[in-house]
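Both complexes below contain chain A, partnered by chain B and then by chain C.
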Partner chain A sequence: MKEIVPDKQGMVLVTLFVVGNTLVFALGGRAGPDIWLAFLVAIAVTAPFILIFARLTSLMHGKTFADGVEMLFGKWPSRAVALLYTGYAWRLGCLVVSHVTHFIQAVSLPTTPQTVMSLAFGVLVIWIVKGGIEVLARFSSVMSRVVLTVLFSAFALLINRVDLGQFLPVMYNGFGPVMEGALQLLDFPFMETVLLFWIFDGFKKKDSAYRVFVPGFLVGALILLIMDCTSLAVLGADRYGIFYFPIYTSIARIDVSTFLTRLEAIVAVTFAVGSFVKIAVCLLAASKTLAYALGFDDYRFLVTPLVLGTIPGSRWFIATSMEIEASATKTISASTFLYQLVFPISFWILAEIRMYLRKGNKAGKQTDV
Partner chain B sequence: MMIALILVSFIAVGTVDIWRWPRRPWQKVAVYLVLMAAAAALSILILTVDDLPVPNVLGPLDELLGELWPGGETK
Partner chain C sequence: MEAVRRYEAWLQDPLIDEGTKAELRGLAGNKEEIEDRFFKWLEFGTGGLRGRLGAGSNRMNVYTVRLVTQALANYLKVQGKEGGVAIAHDSRHMSREFTEAAAGVLVANGIKVYVFPDVAPTPLLSFAVRHVRAAAGIVITASHNPPEYNGYKVYNERGNQMLAEEALSISSQMAELGLDSVLADPNPQENLLWNSLGDEVLEAYYQKLLEIAPKVENAENLRILYTPLHGTGGRYVPDILQQAGFSQVAAVPEQLEPDGNFPTVSFPNPEDPEAFKLAFAQAGQTPCDLIIATDPDADRMGVAVPQKGKWVLLNGNQVGVLLADFLLARLAPGQAARSVVVKTIVTTDMVQSVAAKYGAEVRETLTGFKYIGTLMDELPAENREFVFGFEESYGYLAGTAVRDKDAVLASLLIAQVAAFYQAQGLTLADRLEELFAEHGWYLQDLVSFTFATSLEAERSRQFISRLEKQPIASIGEERVVEVLNYGSSLRLDLRTQEERAIRLPKEGVLQWITEAGSKVTLRPSGTEPKMKLYLEVRAENRQEAERRLLKIKEAFDELVRSGLEA
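Let's look at the complex of A and B:
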């Protein structure tokens, strides 16, 4: 049975996915004081791709993404592509689990084994992924109010510590660091949104994909831009790049008359909520693509083994905090290139060609893929 | 001891999970068991092997991109 998500809930899900586990890391740190420019470049580069993905989903209206890909490539090639995305989604889920467990261990529970924390997350993820995309979208809709309230309260309380001189001089080292910062942001988290296209079964209207993905991405990117720029202006450009968790550190500096302090714990909770949503999306995508690749209609029976696999997987891909920092701030990788750019663009080009040919056959009548 | 605990845990979770399914076609059960066995094997390998190597099927492409953009390597 197809699960249809209302546009507003879908949009919030996209926003929480983008903000997700990225909130505490030194995003775009290589740009230094020009981080705001790196964000703008990354948003400007990603936006056309989001539009392309939305157009692709719109062309496949009435079908799941997997069914649409099957119409483009045929049965077996599309199953092979789905299997590749299973690996990508599962690996990304492992990385997010690793990020969140390392973060919790570093800031609050140093003697608790990471396996215990990942197991706790795993149980909740099994529950929500088996519930389906509708439950996940509703959960995102409820929790987004908490996350946004906490983040904007923290931002408001930090304003008196902001030093705008930290952003000067503009482009002192040229455009190179800006591009490196933008590439960091493209890799993690902006282009990871490609996974979301596999989890939605469909939308109410043909243009719903635009209403879900474009504002969802822009709001998420804007939240990250505001929080990271504020953090850099509080800590300074040099320190922003060397801290593992610069936003957490900058929020720890909030002190309202020694009465309101230690607010970083609340931000840690929002990080955990965002990470939970991102892990759930990754595992939902992994389950759905694997079920499609193996020829099953229902994906729910695959959820438990895939989620349990992320617990050892999170320790397999990343073992130390230094590796976490490296994975969160790398610029580009082959998987990024292939899964986030090559495949989606080839899907889109094929879909446009197919629609053009159909249009010709039906004398200009508007059709879907 | 830990290996036995991991195996018992996976068997227990798998048994309860399959028991809760309304229907149990053999294709689904087979795929489920293979995936659970893989997850259990990975858990045991992580526990017993220090620094288990991560396969990188896109290694040559990663190297090329790493040369073009320093810092682009992934584990």
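Let's look at the complex of A and C:
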């Protein structure tokens, strides 16, 4: 049975996915003081793609994304593509597990093995992914209030520590660092939103996809822009680029009359919640694409092995804090380029062609793909 | 098997230099040596790293230094600690190379370094960390270990040696790393993040020490003989003594220059009477009133004083009591009531009586100056003032400029005490006798038990476990009245069976207090198959104290022997 998510809940899910595990990292650090420009460039570049993805989903209205892709490519090629996305989604899930367990271990539980933390996350992820997209979207909707309240409170308390001079001079080193920062942001986390298209079974209305993806992405990007720029303005560009968790560090400096301190622990919880949502999305995408690729109707029996696989997987892909930082600050790579840009654009172009041809065949009577 | 695999990996690793590989190739076929050098990575604890110099993952070399420094860099970057890292080193082999290796890793990670251009004492590093507001400090030293050893101590931003939680964070970072994950700048001195610590820091340090220990009269008449035992103190201790007005300071010339071979001593340890041999010989030729020796990183100090025509070594408890008495006596009226002397649980209780005389308080910490340094930071919140801290192992500190034991300051202070009493016609030994007469005779002894075999080590653990479960009723002829189990943080009064909590971090130490006021402390080593027994008795006269000390020692020796056989 198809699970239909209300638009608002879907939008919140997209926002939490974008904010997800990115909240504590030095996003766009290569841009230095021009980080805000890097954000604007990255948002401007990503927004058309989000529109394209939304258009694609809209064209496939009434079908799951996998069914839509099958109509475009045929049965076996689409299954092969889905299998590739299984790998991409599962690997991303592993990376997020690694990020969050490394973070928790590094800042507060140095003696607790990461495996124990991964297992704890895993059990919850299994529960929520088996619950399906409706449960995940409802959970996101409820938790988003907590996350947003904490983040904006922290932002408000940091205001008096903000030094806007840290953003000057603008583009002192030219446009190169801005582009590098923008490319970092494109790879992680903006274009990762492509995974979301595999998890929704459908929307209420044909234009729902626009209402879910566009504002969801923009709100998430705006939160990151505000938090990262605030963090840089508090710490300075040098330290923002050096510290592994600069937002966490800058929030640790909140000290209101000595009684309101150690707020970073609360922010760490929001990071854990965001990461949890992102892991769940990744594993839901991995399970659904794998079920489709293997020809199963239901994905749920695949959830447990895939989630448990992230426990060793998180150690294979990332072993050290340095690798985490590298994975969070690298610019777009060839493999991610394939999943984040090449495939989705190919889907869209094919869908538009098919649409055009159908239009011609049915003499102006518009139908979906 | 793991050791051999790691040995082979080092031989193949392009990151390992040819000199190291040549040393490793020389081990081919020597399974025991390969096992010893590679069965693990050197472990990082609150004391940092310490080990023998040489190639291998279980040895001190530039690779292990780089690895732990990368872990430190990661820790600082995770915790968002800014301000850079101050680095000092002692006179040991490879100390300068390790300093540059550590600096190379830090600057490659974008972290500023403040490096002493020459050998520098550990307490000066502790001071420098606070002075330049660094996020951490590193000292390359193996303290008083033999020449084939070196080490790596890490300090936090307060100038304190890393506490257990901080050390755990670094060791967990270290456990993740491999040689290939280390970032290193081969020429750190050319990096903009490299800063040399100049005389400005040294002058500020001296200034602080002179504030803590203001000039005394008669300083110019005290004849001091000093030996740094080839370590870092050679420049600093004579300097501060001169600045404080001690104009008759001679040094043992053979031991004055820094030398990592420590050629004139078997152990560069001021606790070892042999370390004073050359000083005694020189004192025989050129009379003096006081001999001071400091260990290679100048954090611990030994003292010898003339008594009835002979040189007598004072132990750490005795020096500590003399210094505490001197500092407390000089406090302004009303200041003593808020003053605190800090000692460790195995340090003499005589200082309790001395402090009580002046109205000051004594607080105890677990063994290790990191605990004393931490407590120092907590006292101002209680409107208390740290005056002096010490431990029986020759470590002393006054004032709050430094957060580790400071032999440079201690040398100045003990010289002041000696000069002060010399003006009254007394030696330090005479003053100590006065204190004994006033507060009672406190005598101490230290016995070490080493378990050569794993069977012995296992039996020792079982023995300690039995002691925890079944309290000893008497030691020799003395009835035990209290048992303190620091592992479970409980203090049991055997007379009333009343239990009270011990408000200290947990550590596997057992302590027995007898009716006569004697104290016996059993402290197993956490890392080696060893345990130490600290004994202290209090009596009305020396003969009685010596007799009881011997009895307790014999009784406990018997207890341990039978315990290990059981």
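Brief remarks follow.
Note that the second predicted complex is superposed on the first by the 369 of 369 C-alpha atoms of A that agree within 3 Å, B and C clash if a C-alpha of one lies under 4 Å from a C-alpha of the other, contacts with A are read in each partner's own complex, and residues count from 1 in each chain.
By our rule, a contact is a pair of C-beta atoms (placed from the backbone, for glycine too) under 8 Å apart; a residue touches a chain by one contact, two chains touch by 3 or more.
The model shown is predicted, which means the values in this text are computed figures rather than measured ones.
In the superposition on chain A, contact of A:333 is made with chain B only, not with chain C. Legend: residue contacts after superposition of the two complexes on their common chain; A:153 is shown touching neither chain B nor chain C.
Legend: residue contacts after superposition of the two complexes on their common chain; A:180 is shown touching chain B, with no touch to chain C.
Taking chain B and chain C in turn and counting the residues of chain A each one touches, the greater count comes from B. In the superposed pair of complexes, A:321 makes contact with chain C only, with no contact to chain B. By the touch criterion defined above, A:110 lies against chain C but remains apart from chain B after alignment on the C-alpha atoms of chain A.
In the superposition on chain A, A:238 contacts chain C only, with no contact to chain B. Legend: residue contacts after superposition of the two complexes on their common chain; A:246 is shown touching chain C, with no touch to chain B. In the superposition on chain A, A:304 makes contact with chain B only, not with chain C. Shared contact residues on chain A (touching chain B in one structure, chain C in the other): 319, 323. The part of chain C that touches chain A in the complex is made up of residues 70, 74-75, 77-80, 82, 109-111, 165, 168-169, 171-173, 176-177, 181, 183.
On the side of chain A, the complex with chain C involves touching residues 105-107, 110-111, 235, 238-239, 241-246, 248-250, 252, 319-323, 325. Of all the residues in chain A, the ones that touch chain B in their complex are 30, 180, 183, 294, 296, 301-302, 304-306, 308-309, 311-313, 315-319, 323, 326-327, 330-335, 337-338. Residue ranges of chain B in contact with chain A, taken from their complex: 10, 13-14, 17, 21, 27-28, 31-32, 35-36, 38-39, 42-43, 45-46, 51-52, 54, 58-59, 61-62, 65, 69, 71-75.
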